[in-house]
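Structure below; questions to follow.
Order of writing sets the chain letters: A, B, C, D, E, F and G. Residues in each chain are counted from 1.
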């Protein structure tokens, strides 16, 4: 009887100390568009499946310019992704005003991480979206992933959304540190296609060490 | 037993990460009046079924002037639609005061999206209404749909409310980019009739690239 | 199992997207006094059954003067009706102070609609009362009904409270646009009697295009 | 299954739109002391059973002076009655300060009605007490009853508390408009005794048109 | 099914309009120390059983000096009694500061009553303690009892706590209006012993008309 | 059915008026370290078992200096004990600042009692810790125990935590009013050992009438 | 039946006075990375398993610089660890600003303890992370562990996270007070490997008495 009691009373935590609402938010991420980020020392590419829409509806923007040197993409509830992008843009401008310099990618990821974490503590809804950030700062070209729990990762290859496991396998097996920008885009395309198994269009954003600019590529439509 | 626990504890999120209250709000939208928006490069038409009312009751206004260049329509709980229209009007006037220029259609849609999204995070009720916005701004004639989750879409043909699937089929099969305004209205009429299967009157609003004005057409009654 | 989960978790919304507490508030309205409003181009009449009371108790006032040109009546919980009447009076005076002119009937109805709508969003009680407003303004003699959900209707014939369906049938079958004020009062009386099936006294309020005044008629007791 | 869902979710409203907590508050009133008010054009009498107490305990005061021209009595939870009496006294003094005149009886009743109504909307406890007010103002001698829901009644004969139905029958069958003050007191006594069926002492308060004073009569003990 | 619904939904009120949490608070009082107050025109005595404690633990103070002319005792949760005593002392000092005179006993009881009543309305815990107040003021020697519901009584003999019914029987059968102070103390002792059936020590406080002073008698230990 | 209802609805109070969460907090105290206080006219000793810890972990401090003349110890949740110690230190310093004198032991206990009591009224967690206070003030050497409910006791021998009943038996049977400080420490040691049945180390704090100083003895490790 | 009631009503406390949500938070800690701290008089070493990540993902930082003389590591939810690290850094800087000196290790641990404890009292989520602090201050090289309940320990050897029991056994059996820094690192490595049973990389931080500096060692990747 006791274990039933223990199971019934927790509100935030479920059995074995899992954060029940955060786990559910992650499930929402796993149903989002296939979205990836790949990085070398010189370049980073963000790429996201533009989910096939009905005719006469433009696919939603999936690659977002945050600052001149910084971009982001996300998967999960569109409304939640949009809120996080807005938060990234605001905190990036605040950084410029406060420190008179561009925010470095790690700080941007940490800010977003704190922001998401707050939603896991109080009786509100943890946001159902993960974000991948790519940018160039004095430490080089950087790539981060931030999750609904407020956890963030730094790395050279990330995939989120539906089919992210298949995408990761492709990235991991074909990644090389000396790929050109064009090769990175090809790898990103192949990784997404391996997950979506269809002709979904893909939106790209790229950042280069040289020039330190994040650019959205012309969207296919 | 564990899966029962997981199923019972979530409050905002249901199984598989769905937002339970937002899904319910969408069901309310699906029971609303058949409402559509169609756009070409030169024109956009908003059209909404005036649900047959009792004798001696005027059908409720379904097409709303937001600003001189911007109009909107909606489906779902009437009280919720009215609240969103009021929000659109206020944020449009705020934009004029702050930036000394008319709000562009995308910004209006984004504002409404943020507004709706807030209601999905806290322990309040997500609003049970979707809105279609049409307007003319320096980027041309634009058409957006915004949903209870805060998601928004840009496109050339939208339908919400009951029978929206039937309406969309008609629009998709007959849409041409070079339709005249009169042809757009005819298409809108046909699309709504295919869903309502009756003689419901229809209210129209139109916006033209030339002159950049949104106008409600004379209501039939 | 899933449908049980979905059914159990919603708080504001019930199955199929209904607003559970608002539906319950409407049931309270349906148990109120039979109350009607009829309008022509020249006159509007508000009439409400004075529910038979015990001896030695005066029937409660059912027709309320809001402003010199505007009156209202309501059905549902008396305390809720009184609160709405108070709100109408206050917002009408605010309008005079702000705009230096009498509030038009549509604006008064919209204000009341917003006021009621707020109670449907938060964890408070939606008010259990519907209101019929009649007034004369520069657009002519106008008649509106406002419901607990914040929905409002404009028209020429409304009935709320118990037996409202019977009353509406009478009004719809006998309404003519050229009825005199006396004929309107006769029609209102007949409509209420058809619902109450008894000798309940009726309180009346009238507004005429000429003179733009709303007047409560001498109450029968 | 659906009807179960509908039954379970409401919080303020129960089935058929009843206000569950307010109904419960009324049950508390119905268990209170038998308490009545009777009015003619010239006099009003408030009378309330002093519930038999243990030896050595003074019966609680049941007739309260609100202002020189105004008195009140109540039935239900004593703590709730006391709170309402305090509210009446404060709002009566506020009226004197604001308008430099004594509050009229109707306004006092309306203020109390609004005060009680607030407790029915939010997640607090509706007060379990009804009040009868008697006073003399420029409109004559007036008598009002105010209930937990915020509903108020104007009349010439009221009874609340346990046995109120029996008391009302006596008042209704023997009331005459030309009764003297002494006859009113006799009628009040008879009405209360018919309900209590015992020798409970009774406390009285009277107001006369002449002189416009409310006076508590000497309490029997 | 309906009655189940009605039973399940109330929060503050239980079936038949009882205040569920307040009833529970009264049960806590009924398990407290046997505590009594007796009054004649010239004297009042407060007496409370000092519950047998473990060796080496002093019995808790049960008679509290509130002001020079006013004392109190209580039964129920000790923490709650202490909070009420603190409230009495503070409100008594406030009265001196505001009116430049000692608080009369009735006003002290009314203040405490309002204080306790607030805890019955909101989602907090009604305090589980009753208090007996004795004091001397211009109206003579006065004795009041105040309960968790905010109800207060005036009288010449009160008993609260466990065995209060037995104590009351003794007081009622032996009380005489002309008892001397010593006789009152003897009666108080006998009344408490009849309830406790043991050798519990008793703490006393007395107030006399002459001199208008409340004094704690030397505690037995 | 009724009794089920009564059992289900209470939130703060359980059946028979028990404070459910406070009872649970007391259970937490009963699982804490064996902790005692003993007092004569000249000395007081606080002693607390240092629960056997893992190797390489210092036992937690159990005797706390509050002020130069005042010390405390506690049993229950360590985090809760620490919070109470912090509260005692702050309120002791506040007393010095406000009254320019050291707080007397009774006032310190009363302050802590009020602080703990607040946590029993609102929808927060009652703290799971009891505290024993020892100090020297103008009234002599004093010893108090304060419990989660806000109840406090004054005395010459207290024991809290696991095995407190065994400890108390030892103290009660061997206590003498003329014990020397060294004998008090021996008694304290014997009392704790009788409960812990092991070689747990013990931390001591002592206060003497002469000099009015509270001193922690050198901790054994 | 009664015991069921008692079991159902508690919210914060479960049966036997356990803090249900805090227990769940501890389970989250127990699933974290194996993380240890070892101290001698001259050195302290923090070491934490870098959980094997996917290829192309950098392992998350596990050793955090708090101040020049102070470092920390943690196990549990990464987002919660990050929040605690941020709190440590802020409170350390506050201490410098307020007292113009570096925070001592005990004060840093106490601050963190209070911070964590607050989350156990209110209706929020206790944080699911434990922290080990190492630093050098005027009292020497110090090592503390702080848990979700707000409990903190001082010692020479701690292990948290998954496999912490195995790690502790290794530390306890091989610890010597005169180990060199290099030997401490070897012991830390052996302790972690005994728990992880794999080739997980390990991140180190060290603090020395001489120089009073905390340094993160070069991370292996």
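Couple of notes before you dig in:
The rule is short, and it goes like this: contacts are C-beta pairs under 8 Å (C-beta built on N, C-alpha and C of every residue); 3 or more make two chains touch, one makes a residue touch a chain.
All values reported here derive from a predicted model rather than from experimental measurement.
Between subunit A and subunit C the centroid-to-centroid distance comes to 53 Å (mean Cα coordinates, whole Å). The distance from the centre of subunit B to the centre of subunit C, with each centre set as the mean of the Cα atoms, comes to 29 Å. Per-chain Cα centroids separate subunit A from subunit D by 66 Å. Contact with two or more other chains is made by residues 10-11, 14, 123 of subunit C. In terms of inter-chain touching, the protein chains here make up one closed cycle, each touching precisely two others. The ring of chains, read from subunit A with the first step to subunit B, runs A, B, C, D, E, F, G.
Of all residues in subunit E, those touching subunit F in their complex are 7-8, 10-11, 14-15, 20-21, 23-31, 53-58, 60, 77-80, 82-83, 86, 119, 123-125, 127-128. Residues 1-2, 5-6, 9-14, 16-19, 110, 113-114, 116-117, 120-123, 149-158, 168, 171-172, 175 of subunit B touch subunit A in their complex.
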